[in-house]
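Note that the chains take the letters A, B, C, D, E and F in the order they are written out, and that residue 1 is the start of every chain.
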Amino acid sequence: MENKNCEARYKKGMNVLKQINNNAIEDLFNELEDVTAELGKFVVEFPYSEIYTREGLDLKTRELATVAALTSMGNAKSQLQNHINAALNVDNSPSEIIEVIMQMSAYAGFPASIKGIMAAKKYLKKRITSYKTKIKNN
Amino acid sequence: MENKNCEARYKKGMNVLKQINNNAIEDLFNELEDVTAELGKFVVEFPYSEIYTREGLDLKTRELATVAALTSMGNAKSQLQNHINAALNVDNSPSEIIEVIMQMSAYAGFPASIKGIMAAKKYLKKRITSYKTKIKNN
Amino acid sequence: MENKNCEARYKKGMNVLKQINNNAIEDLFNELEDVTAELGKFVVEFPYSEIYTREGLDLKTRELATVAALTSMGNAKSQLQNHINAALNVDNSPSEIIEVIMQMSAYAGFPASIKGIMAAKKYLKKRITSYKTKIKNN
Amino acid sequence: MENKNCEARYKKGMNVLKQINNNAIEDLFNELEDVTAELGKFVVEFPYSEIYTREGLDLKTRELATVAALTSMGNAKSQLQNHINAALNVDNSPSEIIEVIMQMSAYAGFPASIKGIMAAKKYLKKRITSYKTKIKNN
Amino acid sequence: MENKNCEARYKKGMNVLKQINNNAIEDLFNELEDVTAELGKFVVEFPYSEIYTREGLDLKTRELATVAALTSMGNAKSQLQNHINAALNVDNSPSEIIEVIMQMSAYAGFPASIKGIMAAKKYLKKRITSYKTKIKNN
Amino acid sequence: MENKNCEARYKKGMNVLKQINNNAIEDLFNELEDVTAELGKFVVEFPYSEIYTREGLDLKTRELATVAALTSMGNAKSQLQNHINAALNVDNSPSEIIEVIMQMSAYAGFPASIKGIMAAKKYLKKRITSYKTKIKNN
């Protein structure tokens, strides 16, 4: 019966992941499986199945909060990029994401914030065409 | 002319602070002034005057992002408490704040998240009376 | 059926906790319950029920690894103390714990290591009577 | 009038940057501009215009302090390299910079210090020809 | 007499390093020597000569503790890889190392743990042929 | 012969400590000795005997660099206070120390910098009587 229920938790988490960032979890399993798929299973079953599905905070805000955390911690570029992509997938605008990353300069310093913007370019450049501030050239 | 404009930036930041957390900035100046008020001035003029007033992200979400950052960095309890208070002052519900802090367990570990909840009690306990999860006793 | 299984996971984790540090989890629930008991439930169900029960590493070594991590991260004194107590409860000697904390000076710096030893005194002083190095006075 | 004054702050910061590390700020704007030049503007206007121009500490010592900070935080290699270059540009000798980075081993651990020396090679190798310790081969 | 004794400390540390990770210290000296070999000398003489040779904790457990620390600190991939290799060299099994890295998800978050597993692949893939969890495909 | 030489290293480090912060090392030994004096011995023999005595950087600048590091790492208040005291003892002025701490806001965020100033008050208040910025009241 435990396995049956574990499967339920796993599916519940995968449903969230399919909504917010399907490629990232597939990449994670591909990268992990030579060593241990268990860690990927925990990622699906704990944060996505049990945290992100909780009431009280929508997915849009949850992903912005994760972008804030990973930007300020400043040492997980690839994970930050996945969550920037996820944040876009749950209807955050590029500017909302950029504002969160810029704001982190006050709490974690400019290097953290600059690295966050550099990381953000991977997914933001695809989505923004005219989102360019002109300040420098003015 | 520089002083005049500095005053404008300072007032602009103080207007934000009066809206979101007036006591905190007064406490900060009281604590800093024996040593240096300059740092308090920078806090008013840079993050509050130049970041928090930017379009693209509302104050409610900005404060949640800061709660996420300070919870995950895990070493600034007093500042985290101020921003939990500020987050409440700009219309975040207790449960939105708790959800952000709990979510950080996935990105910064359980100790960061537990310390965040402990810090949150200072302001949350005043506002919640019936907000008690019953899970443990069920 | 989900609740039934959740209960199984919860009991499995509580069994580990009773073995290694019963007081700590009780204290945690007491401290959390005004705000949210959910976080305590996650602590029981994820690390203790799903990680600490895994084969491949005994509880004695798991607790030493956690002491190493919390000493080097250096910002969770209370949690470090709980895990020093837990490490003692699963048959680590005081000197094994002290050696791990001292070793962290090479990887996280002396302040982290010194803070770790200071934190360790809470539980170590009760257990060691003659464990005093005489180097200084020689 | 605000724009006029902002320009004054911007120019004041750029004057400092031209003195200590002109290439770095140009690179930063080039890298940021697809996403947001605002962050670069804040870097010019806050740390360089308002901090580095303050009396009480010379630029030479300020850059060494920044090298100490970025080495010990250990997660911003590119920014550390820019500040090692800047430190050289404001008359720090290679050995002063190396000493600061080595000293960090005591406060942030050997990995932070080793990574700092590795990062330093980008700019130090150009400037030192005979600065090689012979200890190993003795 | 000091040099003579320093040499004794150096040799004592090198003896430990030859046992646990000879290549890593050679690589370190090769990388450091253009700038400063002194830092490498300190690595040999302090952690390896004075810490790792202490009684009270065996080399096998010491290396696991270091893997725990570097995984949770999350910003020294190359050093973590060296210590994963060293951990294998002093008789830790791949699964013991993987368990420690996975366990860190609870104390430092999933990104730290995922990065740790990614780093571990460099040395673990050579040693494990059939160590693949099948959970995902079941 | 080893002991004799160890003593030499110990005395060499103690000579530095007597010059820069005698009380701090005495306090450290008093606090450590119930558990392990070994860690205190390492502090004397490695950073103070082998790092701080190196040519290439004077004690005044070394202590400022350590203040920068501990402020930016932000999790060792007591050690930061000891090094602020030491920095004053080797002829740094209060304003040089304050400037370093304020500058860290740009690299580690405002909370780190504010906590640094709060920590600095312990020793700075004794030494400054008229060092009060008047900005706030102007």
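Quick note on the criterion: a contact is a pair of C-beta atoms (placed from the backbone, for glycine too) under 8 Å apart; a residue touches a chain by one contact, two chains touch by 3 or more.
A quick map from chain label to UniProt name: A, B, C, D, E, F = Carboxymuconolactone decarboxylase-like domain-containing protein.
Given the structure is predicted, the values throughout are model-derived calculations rather than measurements.
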More C-beta pairs touching across which pair, D-E or D-F? D-F
If chain centres are mean C-alpha positions, then the most distant from subunit A is chain F
Using mean CA coordinates as chain centres, what's the subunit A-subunit B distance in Å? 22
What whole-Å value do you get for the distance between subunit B and subunit E if each is reduced to the mean of its CA atoms? 39
CA centroids of subunit A and subunit E: separation to the nearest Å works out as 30
Hey, what residues on subunit E touch two or more of the other chains? 38, 42, 46-47, 54, 70, 72-73, 75, 98, 102, 105-108, 110-112
Where on subunit F does subunit B make contact in their complex? 74-75, 98, 102, 105, 110-115, 117-118, 120-121, 124-125, 128, 131-136
The residues of subunit E that touch subunit B in their complex are 72, 105-112
Using the touch definition from the top, list the residues of subunit B that touch subunit D in their complex. 1-2, 4-6, 8, 38, 42, 46, 50, 54
With touch defined as at the start, can you tell me which subunit E residues reach subunit C in the complex? 46-47, 51-52, 54-57, 61-62, 64-73, 93, 95-96, 98-100, 102-108
Within their complex, subunit F touches subunit C through residues 28-29, 31-43, 47, 70, 73, 75-76, 78-79
